[in-house]
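Two complexes are shown next, each including chain A; its partner changes from chain B in the first to chain C in the second.
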Partner chain A sequence: MWKWKRKEKQQPEKQQQTKKQNGSLSEFIQAMQQSEDFVHYKLSGSTRCTISYLKTMSDSKILNRSVLSILNSESLHTLHDMRERIPVENIRVTSKLELIEEKVMFGYIMVQIHEKDEEVLLVPAVSLESRDVGIPEVEFSVVGPKEAFVETLNTNINLIRKRLPLPQLTVKETNIGKVTKTRVAVVYIDGVANKDNVETVEQRLKGIEIDQLTDSSFVTQVIADNSNSPFPQLLDTERPDRVVSNLVEGKVAILVEGSPHALTCPTTVVEFFGASDDYFLPWHLATAFRLIRLFAVIFSVLSTPLYVAVLTYHHEMIPGALMATIVSSRSDIPFPPILEVIVLELTIELLREAGARLPTKIGQTIGIVGGIVIGTAAVDAGLTSNVLLIIVALSALASFTTPVYQIGNTIRLIRFPFIIGAQLWGLIGVSMCMVFFIGHLIKLQSIGRPFFEPLYPLRIKDLKDSFIRLPFNKQTERPVLTRSEDTQRMNPSRVNAKRDIDE
Partner chain B sequence: MNKLNNSQGLNIPENYLVTPAYVFFLIHSMQVGVGILGFEKYLVEKAGFDAWISILIAGGILHVILWMIYRLLQNGGGDIVEIHKSIFGKYLGGFLSLLFCAYFTLLAFTVLITFIEVIKVWVFPGMHVWVFAFVLLFLVYYLVSGGFRVITGICLISVIIGLPILLLKYFPVEAGHTMNIYPAVSHSIPGILGATKQSILSFLGLEFLLIYYPFIKNPQKSKKWAHYGVFYTTMIYLISVLVTFVYYSEEQLKQVVWGTISAWKIVEFPFIERFEFVGIAMWLYVVLPNICLGLWGATRIPKRVFNVKQKYMVIIFCIAIYFPTVLIDGRPMIDVVNNLSGQLGMYVLMYIPVLLVLKTISDKVRKRT
Partner chain C sequence: MKKHWSLLIMVSVVFLAGCMADKSVEENAIVQIVGYDVGEEERIRGTVSIPQYGKSEDKQAASELYLTVDADSTKDVEVEIQKQSSKPISIGKLAVTLYSKELAEKGLDDNVDVLSRDPRLSRNMFLGVVDGSAKDLIESGYTQDETTSKHLQGLIENNTLHNFPSTSLHDFLYAYYAQGMDPFLPLLKKRESFVELSGLAFFKKGLLVAEVPDSKIFTFKMLKENFIKGMQDLPFEGGTLMLENIGSNVDYSLTGPLDDPKFTIKVKLKAEVNEMAGVDRKATPKLAKEMEEKFVEYFNKEADELISLFKEKKVDPLGLGNFTKTRKGNFDLTQWQDNYSELDVDVQFDVKIIEYGIFS
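Now for the complex of A and B:
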C-alpha cells in the first residue's frame, strides 16, 4: 500500500520537473527580475550584448576588471569570441537551462548576444563570503594543530588536501536537498578505504530525501543505520587533522557545504572518547587520560542512579561511618532521593542549556551564579543534601570530558532511564538498564560496521587504540573495523628493528 | 560459509555468523547460570566435602559428551532438526525436535524463576513479580530479536563482567579454614557418583550447540574453544566449591540454600558493605544469556520445523513464559521445576550418545544402499 502511495506522490513531482524544463530562459529572467539584487541590462559599447547577474552573489571586481573592460574595449560578436578574450578561467557557453539557472544562482555572470538568445556565456564570478579559518572551539587541544573547519566546502577540502598531498585522495560531490541543493562531498583515499564502505556512503547519500540540508548533522541523522538511537553513528569533528588521520586509517569522510563539521565513518562508540590530544602526548599519558575519561563517563552516567538505588533500597550497603555522614546531610531533606536527584539534575541541565544559548561571557557568569548561588541556597534551604550536590556537580563535570560534543549530549540524556530504573528496582534496575544499553550498542551499526567494536566483536588488534593507546610502533596495521584494502600502515619489521648496543 | 549448508533454512549469510572463538563464551555463559549461586548444598548432601571430586568427574563426562555432539554435527548436515529428520523422518523427527524446543524453553523458564526467587529472597521480598517479569522479558525480547550475534555479544559481556565477581572469592578464603577439605576422599564411590549426577545439572547448557552450530564460521575450528569453555566452567565450579568448603563447615552448608550469595555478605570495602546486592545485580548479566539463548534456541526449532517466522515465535514464547512466571510462587514449586528441568537435562545428555549411535548406523545403512 505504501509503495502505491509513494508512486502516486512521485508522479506530480515528475510533472513539475518537465514543466520546469519547458520553461524558457526569458521566463527565468522574468522570475529573477522580481528580486532587487538581480541586475539585467544591455551593453551598448563596442560589443552589444545583454548582461545579467546577481549582484549579491557575484564579485564586482571580476565583472569590472575582466568582463566589462574587455567587452567595452573590443568588438566581439560571438559568444565563442568572448570566451577566448575574457581573461577568466572556466567560462562556458551553454544553452542548458538547468545549468544556467544553477550557475546564475551561484553568482555566475550570464552574457547573451541578444536578449532572446537561448545560448549564453557563463562567466564564473562567484564571491564567497566566508569566515577565516579559526581555532577549534568545540574540540580544543592544548598542543597540536589549531585549525578548524569553516563553513565553506572548498576551504575545508583545502584544509584536508594540504595535509594529504596524494593523488589517491578522492573527492566526490553530489547535491542534496530538494530546495537547498547543498553540495556534499565524500572524501576518501582510494586504495586504502574499503570500496564497500564508500559505496554504502554514496548510496545512502543518494537515497536522502530531504528539502533542506543546512548542516552536516542532518546527514548524520538521515543516513544513520538506526535513526531512533540516541547514539550518533557518525563521528563529527571540526578538526582537519582528525579527519586526515581517520582517512589514513581507511575511513570515509563526508563534508557538507555550509557546515564547519566533517563526518567520518565507520566509527565506534569508543572512538567518541578519544581526543586528538591523545596522539600528541606520550602513549602512557594518553592511555591514562583515556582511562580517566572512560571512568568519568561511567561515573557521570551511574553516580546519581546509584545514589538513588542505594539510599532508597540498599542502605545496608553503606558502611556505618559513611552512613553517618550521609544521614546528617540528608536528615532535614523532606524529599525522597529520587525527587531530590531529578530536581537537581534538571537544574544542572537548565544551567547547561542556558549557558549554551547565551554569549560566552554572560554564559560563564550564569554558570557561576547559577551553580554556586542556587547550589548553596538549595542546600541551605534544606531542599537537597550536600552529598548529592557534590555528586551531581561531579557527574556534570565528568560528562564534559568527552572530546566529541555529540556523545556528551547522549550521556546527558541516558542517565535519566538509569535513574528511573534505580527507583524501580534499585541496583537490579540499574543493571537492567545497563544491559539494555549494552544490547542496544551491540545491535547498532555504523555504515554496516559494528558500532560496539572492538569490544564486540572482540578484536584484540583494535583494542590497541581504544581504551588505551599503544605507541605508534605497535600500531603497524590499520584498524580491522575499516576493512581497509591496504592493511599495513608501515613496515613492522623496519619499525621494530632491534638494534644492538652501540650500533 | 559452511559447506554443510545444503538444506533450506540453514543457509545463513556470512554476516550473521560468529567466529569459532565465541563458542567458548557461548558454552561457558550458558553453563553458568543461577545454579552456581547455591549448588554446593546439593553436592554436600551426597558426597560431603569430597564433592569437588564429583565436579571433576562431571567435567570429564561433559568433555566426552561435547566430543559426541561434535561427532554428531560433523556429518549431521546442520543442526539437531536436520539430524532428527534424517534419522527418524519428517514426522517423528519433527516431534523429537519439538521436545528439544520444550526442553530449551523449560531451561530458560527455570533460570528466570530461580533468578526472580533469588531477588525476592535477598533483595525485594515484596516485589511485584508481574511488573518485573514483564520488563525482564521485554528486555529478553529486545535482545533475542537482535539475532544470534547480539546474543553472542551478551554472552561475551556476561563472561567479562563475571570475571571481577570471581575475585570476590578471596574474602571467604581469607576468613575460612583450609583444613576443612581434609581428609580427602572419605566418602564412598556411590556417594561421589551421586554428587556427580547432581553436579552435571550445573553443566547443562552445552546441548545448545546442537541448534546454533550452523551459526559458527568454520565450525570444525570451534571444537577446541568449546572444550576450553567446558574446562573453564569446570575450573570455576571447582574454585567455587572449594571456596565454599573452606568457608562453611559441612553441617552448616547443608542448611544454607544460597552458599555463594551468603559468602558475598562478608565482602567489605571502605565505601561498600554487604556485597550481595551488587553481586545479585551483576548476576543479571550471567542470567540473561541463559534466558536469551534458551528462548532463541527454543524459537529457532519451530522456525526450522514449521518454517514460521521466528520473531512472532519469540513474542509467543515470551508471553507463554510470562504467565507461569507470575503464577509460580514459593520455594517448593521452584524446586519442582528445577528438578524437572534437571531430570530432562539428564535425559537429553543421555540421549546424545544414543543419537550418535543411531546416526552412525543409519549413515552406514545408507552408504550400503
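Now for the complex of A and C:
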C-alpha cells in the first residue's frame, strides 16, 4: 500500500533532477552566482567577451598571464580564434552543458562571446592544493623506498608510472559518487593482468551507487565480494613500490582521488601478513620474519581464549611447573578467568582507541599511563593476575606486527568471539570458532578469486611467496592466483645460468 | 520454520552452557598423587595429597593436605574424599598412583580397569608398588620445596633415564592387555627420611608374583630395551669395577617351529669402566680383554637367573610370547603358556670396553 505512494513521490523528484540537467547555461550561471567565489564579468577591452570562473579553484597565474593578456591585446571575434591564440594546452570549445558544468566546477575558465551564447570556450586553469609526497607512516619500513601516496590522484599515478615506464600500463578513469563525483582510476598492465579481473573491477566500480566517496576504504567496503566479512578483501597500501610489484604480478590497482591509499586485487589472506620489508631482506631472514609474524597473529588471537579455556575447564593441560605460579597468582582474584580476561582486553582496547585519537605526543603518555600505571595497579589491587597481564600485553603487542593496518583491526576484534566460545564450551568452543572462521575464509573471494588461496585451493606454486619467501631466482612465474595472461616473469634458464667471471 | 529451529538450538546451546560446572583451577582440589592400601574388612584405603598453593607472596613453600578414606572401590575413593574436601576434586593432573604390595598381591585388575578407561587420566602417569604402606609413603614430606607427587614423579622419571626400564601407565596397559606379555612396575620403599626405588615387581595380569632387587635391574633393562647411561658395579678379582653403559643394543631372534621355539637374545654392550676399587693392576688392553670376558660371564649368569625366575613364576615381562605371536601365524596362547617353562632361551652378551678414561 505504501510502496506505490512512495513511487509517486519519487517521480516528480526525478523529473526535477533531469530538468536541472537539461536547463540552460544561463540558469547554471545564475545558480553559481549565489556563491561568493564565482566570478562572472564582461570584458570590454579589444576583445569583447564574458569570463566566468571559480576563483577558489582556478589558477590566477594562468588567467592573468595567458588568458587576459591575449584577450586584451588582440581583437578576437570567435571562440576558435581565441582557442588558437591563447597559449594554454587542451582548450575546448563546446556547448555541452554537462561538460561545461563539470569543468567549471573543477576550475576551468569559461569564456563566452555574448552572455546568452550556448557555446563556450573552456580554458584549463586548475589549481589543486596538495600535500608533498612524504614517507609512509602506516607501512613504514627501515630499508627500501620511502615514498608514500598522497591525496592527489595525479601525483599517485605519477608515483606508479615513474616506476613502471611501460606503454602497457593502462589507467582507466571513472567518476563515482552522486554528489562528490570522485575520480577513480583503475590501473593495470595490459597483457599481464587477466582481462576478467580488470572487467570485474570495472564492472563493480560502475555499479557503485553512493553519494559520497571520500576514501578508498569506501570502495573496499562497497565492491567487496562479501561486505559482511570482517576481513578486508582488497589489500590497501600506501606504498607505491608495493602497488607496482602487485601490478607486475598481474594484479589490478584502484586509486581514488583524495585517498592516500591504493587498493590492489585479487588478494589473499596471506598477503596481508607480508610486509614490503620481506623483499628487501635476504630470503631466509624474510622467511623467518614472516613465520614470526604468522605465529604472532595466531598467538594474538588464541592466547587469551586458551587461557580462559584451560583455566576454566582443562586443568590437566597446565604444565606441572607452571601450576604453582598460575594457581598462586589466581588465588587472590575475585573474578572467574573470563571476567578477568574481558576486563583486561577491554582496557587494552581502550588504550588503543585513546592512543589512536590523541595527538602523537600525548599518545605516548597514554601508553605509559596505561601500560605501567593501570597494569601494575590492577595486579596490586588483585583485580587481575600477573600471568594474564603478561599474556594480554604480549597478544596486544603481537597484533601490532601485522604490516597492513586493516587486517590488524580484524585480528584485534576477532579474538572476542574466541574468548566467549572458550568460556562457553572450553577448548571445543575455541575449535568451533576456529572452524567457523576457517570455513568463512575458505568461502571468501576477492573479486571472484579465492581469498584463502595458497592453502585452499592448495596451489603449491603460490606457496613460494606466502608463508615463506623463496629467493627471486625460484620465483620465475607469476602467482597462479592472478591467472595472468603472461605467466612467465623471466626466463628461468637465464636466471639460473652460471655467471663465471670472464677470463 | 527451519530458521526457528536453528535459532532455538543456538539459544539453548548458549544458555545451557550456564548449567555447566565451571570452576577455575584455584577453586579445585588438584590431586596429583594417590595411594591405595588394603583397608579393614575387604575395603580399600585410599590416600591422596592435595597441594595447597599459597598466595603470591609465599609461592615457594609447598604445603600439602593429606586425606585418607576407606572405600569399597577405586571410584568410591573419589566419592569419599569429596566428602572431606571443601573444593571439588580434579583428578586430571594425577601424576603418580601407588599400590601397596599387600594390595598388589591380591590383584590390581579392578583398579587397572578404572585407570584404563578414565579419559581424564594421563597415559604418562607413573604407577608404582610400595613395599610397605602407601599412606605412610605419601604422608611423609620429603623436601621443603617440592610436593610429594612431584618428588616421586621426578624420582621415577629420572631413574627410567638410567637403570630402570620405562614404566608409565601406557607401558603398563600395553603389557597388561597384550597377549604373551606381562607388565612390571617399580618397587618403592620408604627409608627413614627418603624414598628409594628398591627393585622391580613383576605381574601376572594384575597379580604381583615376583620381585627382583635393584642390583639385577641393569641386566633386565639390557634384555628389555636399548638404552644408554646406566651404571652397574661388578665384582672383579676381589675388588669392584664400575661400568657405565654408553650404548646397549638388544636383538631378539626366533628359530625353530612353534612347538619347539628357540630364542636367541643378543645383547651388544659398549661400556666405559670408570672405577676400579681394590684392583691393583695397571690399565692395559690385556686387562680390558680380561674384564670383557668376566663381564660376559657375569651378565650371562645374571640373565639366566632372571629368565629362570620368569619361567618359574610363569611371567613374561620380556614379551617373548608377544614376539612369537607377531612372527608365527598359528600362535596359541594357552599352548604357549603351558610350554613357557621349558622354553629354550639363549642369551649372548657381547661386551666392548671402549673407554678407560685418561691414563698415561
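The working rule: the second predicted complex is superposed on the first by the 480 of 503 C-alpha atoms of A that agree within 3 Å, B and C clash if a C-alpha of one lies under 4 Å from a C-alpha of the other, contacts with A are read in each partner's own complex, and residues count from 1 in each chain.
We take it that a contact is a pair of C-beta atoms (placed from the backbone, for glycine too) under 8 Å apart; a residue touches a chain by one contact, two chains touch by 3 or more.
Everything numeric here is computed off the predicted structure, so don't read it as measured data.
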For this session: Specify the outcome, clash or fit, for chain B and chain C once both structures are aligned onto chain A.
Result: clash
Exercise. Who does A:V327 touch here: chain B (first), chain C (second), both, or neither?
Worked result: second
Exercise. Looking at the overlay, does A:Y313 come into contact with chain B only (first), chain C only (second), both, or neither?
Worked result: both
Problem set entry | Which superposed partner A:P336 touches (first chain B, second chain C, both, neither) | second
Exercise. So, A:Y188: does it touch chain B (first), chain C (second), both, or neither?
Worked result: neither
For this session: Using the touch definition from the top, say if A:F231 reaches chain B (first), chain C (second), both or neither.
Result: neither
Problem set entry | Partner chain in contact with A:V430 - chain B first, chain C second, else both or neither | first
For this session: Could you look at A:I438 and tell me whether it touches chain B, chain C, both or neither (first, second, both, neither)?
Result: first
Exercise. Now for A:Y108: first (chain B), second (chain C), both, or neither, which partner does it touch?
Worked result: neither
For this session: Report for A:P457: first if it touches chain B alone, second if chain C alone, otherwise both or neither.
Result: first
Exercise. Taking 56-64, 92-100 or 182-190 from chain B, which overlaps chain C after aligning chain A?
Worked result: 182-190
Exercise. Just which bits of chain A does chain B share with chain C as contact spots?
Worked result: 313-314, 316, 318, 424-425
Seminar exercise, completed: chain A partner, complex, touching residues on chain B are 18-19, 21, 119, 123-124, 127, 131-132, 135-136, 139, 142-143, 146, 149-150, 152-154, 156-157, 268, 270-275, 277-278, 280-282, 284-285, 288
Exercise. Touching chain A in the complex: which residues of chain C?
Worked result: 13-14, 17, 22-26, 28, 30, 32, 51, 53-56, 59, 62, 90, 92-93, 95, 120, 122, 150, 153
Seminar exercise, completed: Residue set of chain A touching chain B in the complex reads 313-314, 316-319, 322, 424-428, 430-432, 435-436, 438-439, 442-443, 452, 455-458
Seminar exercise, completed: chain C partner, complex, touching residues on chain A are 311-316, 318, 320, 323-332, 336-337, 386, 423-425
